[in-house]
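Order of writing sets the chain letters: A, B, C and D. Residues in each chain are counted from 1.
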Amino acid sequence: MSSLAHLLPLTVLLPITAGVLAPALFHRRGLACWWWALAAAILTFATTVTLWRQLQSGSTISYPLGGWPPPYGIELVFDGLAALMLVLCALSVLILLAARRYVEATVPSSRQSLFYALILINLGGMNGFVAAADLFNLFVFMEIFSISAYALVALARGPVAALAALKYLLVGAVSSLLVLLAVALLHAQTGSLNMSDVAGLLAQAEAPGASALALGCLVVGFLVKAAIFPLHFWLPDAHASAPSPVSALLSGLVVKMGIVGLVRTRILFAEAEIVPLLMLDNLLVWLGVIAILAGAVLAMVQRELKLMLAYSTVANMGYIALGIGLATPSAVSGALAHTVYHATIKTGLFLTAGSILLCTGLSRVDDLRGLGQRMPLTSGALVLGLLAATGIPPTAGFVGKWQIALGALQAGQAWVIGVILAGALLTLGWAIRVINSLFFRPPARARVITANEAPVSMLVPSVLLAVLAVSAGLGGAILLGLVEPLALAIVGADHDH
Amino acid sequence: MSELLLTTFAAVLIAAGCLFFLAGTIGLLRLPDFYCRLHATTKCDAVGAVLILLGVALIAGADTQTVRIVALIALIAISSPTAGHALARAGWHAGHRPWTREENDEPE
Amino acid sequence: MTEGLAHLDYIAVVILFAIGLYVVLTKQNLIKKIIGLNIMETAVFGLIVTSGMVDGGSPPLLGQGLEPPYASPIAHALVLTGIVVALSVTALALVLILRVKAECGSIELDELLEPDE
Amino acid sequence: MRNALALLIVIVLAGLMMAGVSQLPPPGSPDGAVHRHVAAHYIDGGTEAGGAPNLVTAVLLNYRALDTYGEVVVIFAALVAVLAVGLSGHSRGPRRQPDELPVSPVVDRIIRLLAPFIALFALFMILEGHVLPGGGFQGGVVLGALLILLSLVLGPRRIRRMLPTPALFWTRAIAPLVFALTAIAGLALAGWLFALPEPAWLRELILVGLELAIGIGAALALVGFYLSLEADHHD
């Protein structure tokens, strides 16, 4: 093991320590605190990149904390999901970049350092969650990013935000509890907490009911975290009423943690033949299909831009669930690729929506008529992001859906392709409504006419992400190559028997 | 013989303590207002727990355990009435008026 | 102990969990929902602690003259962490409820969701 | 109607769960998987490997130190969240002073009488946590309860005034910070992050330091929770 592996726990320790220090060092100094947070996020990103290059040259990096060998100590791993960690850190940097003006305008100065502290702790928690190879550790990191996420939602002003945050907290706490229950069941059954160890022990276990119960709890818990359709009801309020950089963080990154959890669960139970995995796959396919259609339809009937984006997240999580449920290599790798791509697209969209909200104070699509003339760059970024969200080739949204469609063909479920197409068309429907309103209608509101282009610190991340969203599809082959081993790890066991 | 007597006496004490706990809990659930409920629940700790601990001390006999139990009894005897007092006082200052049968027949 | 009663502790835990879940699902008062959540949490902690105990065992303190078998130290450590997490979530929830009360004037969910949409 | 539906759902779920848990190894049997695998290894390793005679502390601070670090971060994050979300700073208009209720002489006397004992007990629990039952969190909670009691006697306003100051934030952050420092010390002295370095006295020193930091952090977090709830209540 090379000494570079010591960097792996740093992806957790670094942002969290920076976040812990922020309120002490930068009380009432929001700008300095912003620089501090940005520096910490960039440093974390650099750490991740270094680890990534190490991963490219060798095999999976794992780090036993305290030097205790795996089943006895806690282990962190940097494997195929690490690509997601890379994206997490990079997007967090951009979110922080865009957050400065928003925070200055909306958060009281005595609380700005608390805001940045929560963002950094959230990032550290997500990094830990992605890297955790220990069941209970997974739960602890889940709670770290969840608690900071609840609080970040509640940082927005007004009664809606408080109630939305409380709803988010209640649903999130119940789902966390289900995960903890599953951890307890698995520990009672196997006596171990390390995931690969537990997976091995489960394969020999003779208690199908207890394993199935644990699987059920884990799946429901993570489905809630991932906001897959019937369990999505907490998402739109929380994501739409949060401060916009927080919406970007939640919709782009935090919901993806549910997918990470699902993938980990799949790998955990991959060799336990006793457990009805086929049922789980069918369930995911059906939930995914319903989520795609319902999310798109619900997005269509919304009037607020941020609510539309939130429901579009519901639909996109449906695509990801569908891909994982189809359980063919290309579908799963498509789902994983879509996880990364959707994170990029949705972060950009929410950041752009945030700068529109900050510059005009308007959030309803009808009120935004004619904004294209006053804020051409921001509106342009929004349009590019929306096009990517519909999945027009060669945008980033296209690759994942294409792969999932291919996977559906392989799995012999061609009808799914119709659903994917319908979802894309519905998305196009509301996207065109927004685009039409922005560019092809005369202004209706005075504040649109007086609006100016967003400040540079918000414009740069918006435009950058929009360009990425449109062009990243061209690099799809690279990303698919990266997630392929992981996809095989998930479905490989299935195909053997 | 005396041991049997001791054990019986201890059992009676513990049973009486449990009875107080039961009564206190039923009171908490069934009585009409804050003060009545407080009246019932403070008996759980102040009387119920002390009785149970006394019974346990009798069973333990002359032992280091007994010293701890006596210390516990002293602590409960001091702290539990104080807590009840503080609660009642806070309730009064927060504007709760005791429930009377004449004014409102419906419990809160 | 008969076969059927061997899992009595676990059955009790499940019943407690079900009670908590019922409270969370049906009560409209937000404070009561939090209480229900705490009941569920207690049930899960109970499951962990129960799974770690041994009949006739002693606490895992070495060098105190206690005899093996020892109860599992892992279960205790997990519960400790779990309790701290539950406490943190509850504290945040209570503060949020206070804010809802201050900004919306009620903590009854059915009143909150009714007219002002 | 809704309640009946919920009851039905809950009963069905409970039935499923009972079917699941009844297949677990029965609780209390010494040859359940829980006692044979990892826990047995910890017990066999004894004080030497674990670093503390109280194996729960050994698991918390040595074998599974990252979990405890996470736990400390959770409680710190919750404190930050409570301070960031609560209403106490949001004074809209002139702040209405609540009628300060004079402390009851009974409560005052009793708290003053008991405070030293409680403090002693809390410190004992923290400092002896690696040998006897107890530890940083347990002792910290007792300490926090004591501080809350004292804030009742002294009047919460005196303490509340200190709520958002940077100096207090250094103290609140003590647990995660000391943990991070220990992790780095472990890397420097024992070669792994979160490892406890070798000479026994140093290890014990670090354990006590960690417990103390955790205790202080937990106590201050509790006081923070209490004061922000209490402050909100009066506004």
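Definition applied: contacts are C-beta pairs under 8 Å (C-beta built on N, C-alpha and C of every residue); 3 or more make two chains touch, one makes a residue touch a chain.
A quick note: this is a predicted structure, and the numbers were derived from the prediction, not measured.
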Ask   = So which one's got more C-beta contacts, B-D or A-C?
value = A-C
Message = As a quick test, compute the distance in whole Å between the mean CA positions of subunit A and subunit B.
response = 52
Request  = Express in whole angstrom the distance between the two chain centres, defined as the mean CA positions of subunit B and subunit C.
outcome  = 26
Subunit A and subunit C: spacing of chain centres that average the CA atoms, whole Å = 28
Inquiry  = Show the residues in subunit D shared as contacts by 2 or more other chains, in ascending order.
reply    = 17, 21-22, 24, 32, 34-35, 38-39, 42, 64, 67, 70-71, 74, 77-78, 81-82, 85
Query = subunit B: which residues touch two or more other chains?
reply = none
Note = Two or more other chains are touched by the subunit A residues 136, 140, 143, 147, 150-151, 154, 165, 185, 187-188, 193
Inquiry  = Applying that definition of touch, give me each pair of chains that meets it.
reply    = A-C, A-D, B-D, C-D
Message = So in the complex, the part of subunit D that touches subunit A is made up of which residues?
response = 16-17, 19-25, 32-39, 41-42, 62-67, 70-71, 73-74, 76-78, 80-85, 89-90, 164-166, 169-170, 172-173, 176-177, 180, 183, 186-187, 190-196
Message = Taking the touch rule as given, give the residues of subunit A at its contact with subunit C in the complex, in rising order.
response = 136, 140, 143, 147, 150-151, 154, 158-159, 162-163, 165-166, 169-170, 173-174, 176-177, 180-181, 183-185, 187-188, 193
Query = Which residues of subunit B touch subunit D in their complex?
reply = 75, 78-79, 82, 85-86, 89-90, 93
Request  = Please name which positions on subunit C make contact with subunit D in the complex.
outcome  = 6-7, 9-11, 13-15, 17-18, 21-22, 25-26, 47, 50-55, 57, 59-64, 68-70, 72-77, 80-81, 84-85, 87-89, 91-92, 94-96, 98-99, 102
Remark   = The subunit D residues in contact with subunit C across the complex are 2-3, 6-7, 9-11, 13-14, 17-18, 21-22, 24, 26-30, 32, 34-35, 38-39, 42-43, 46-47, 53-56, 58-60, 64, 67-68, 70-71, 74-75, 77-78, 81-82, 85-87, 131-133, 135, 137, 218, 221, 225, 228-229, 232-233, 235
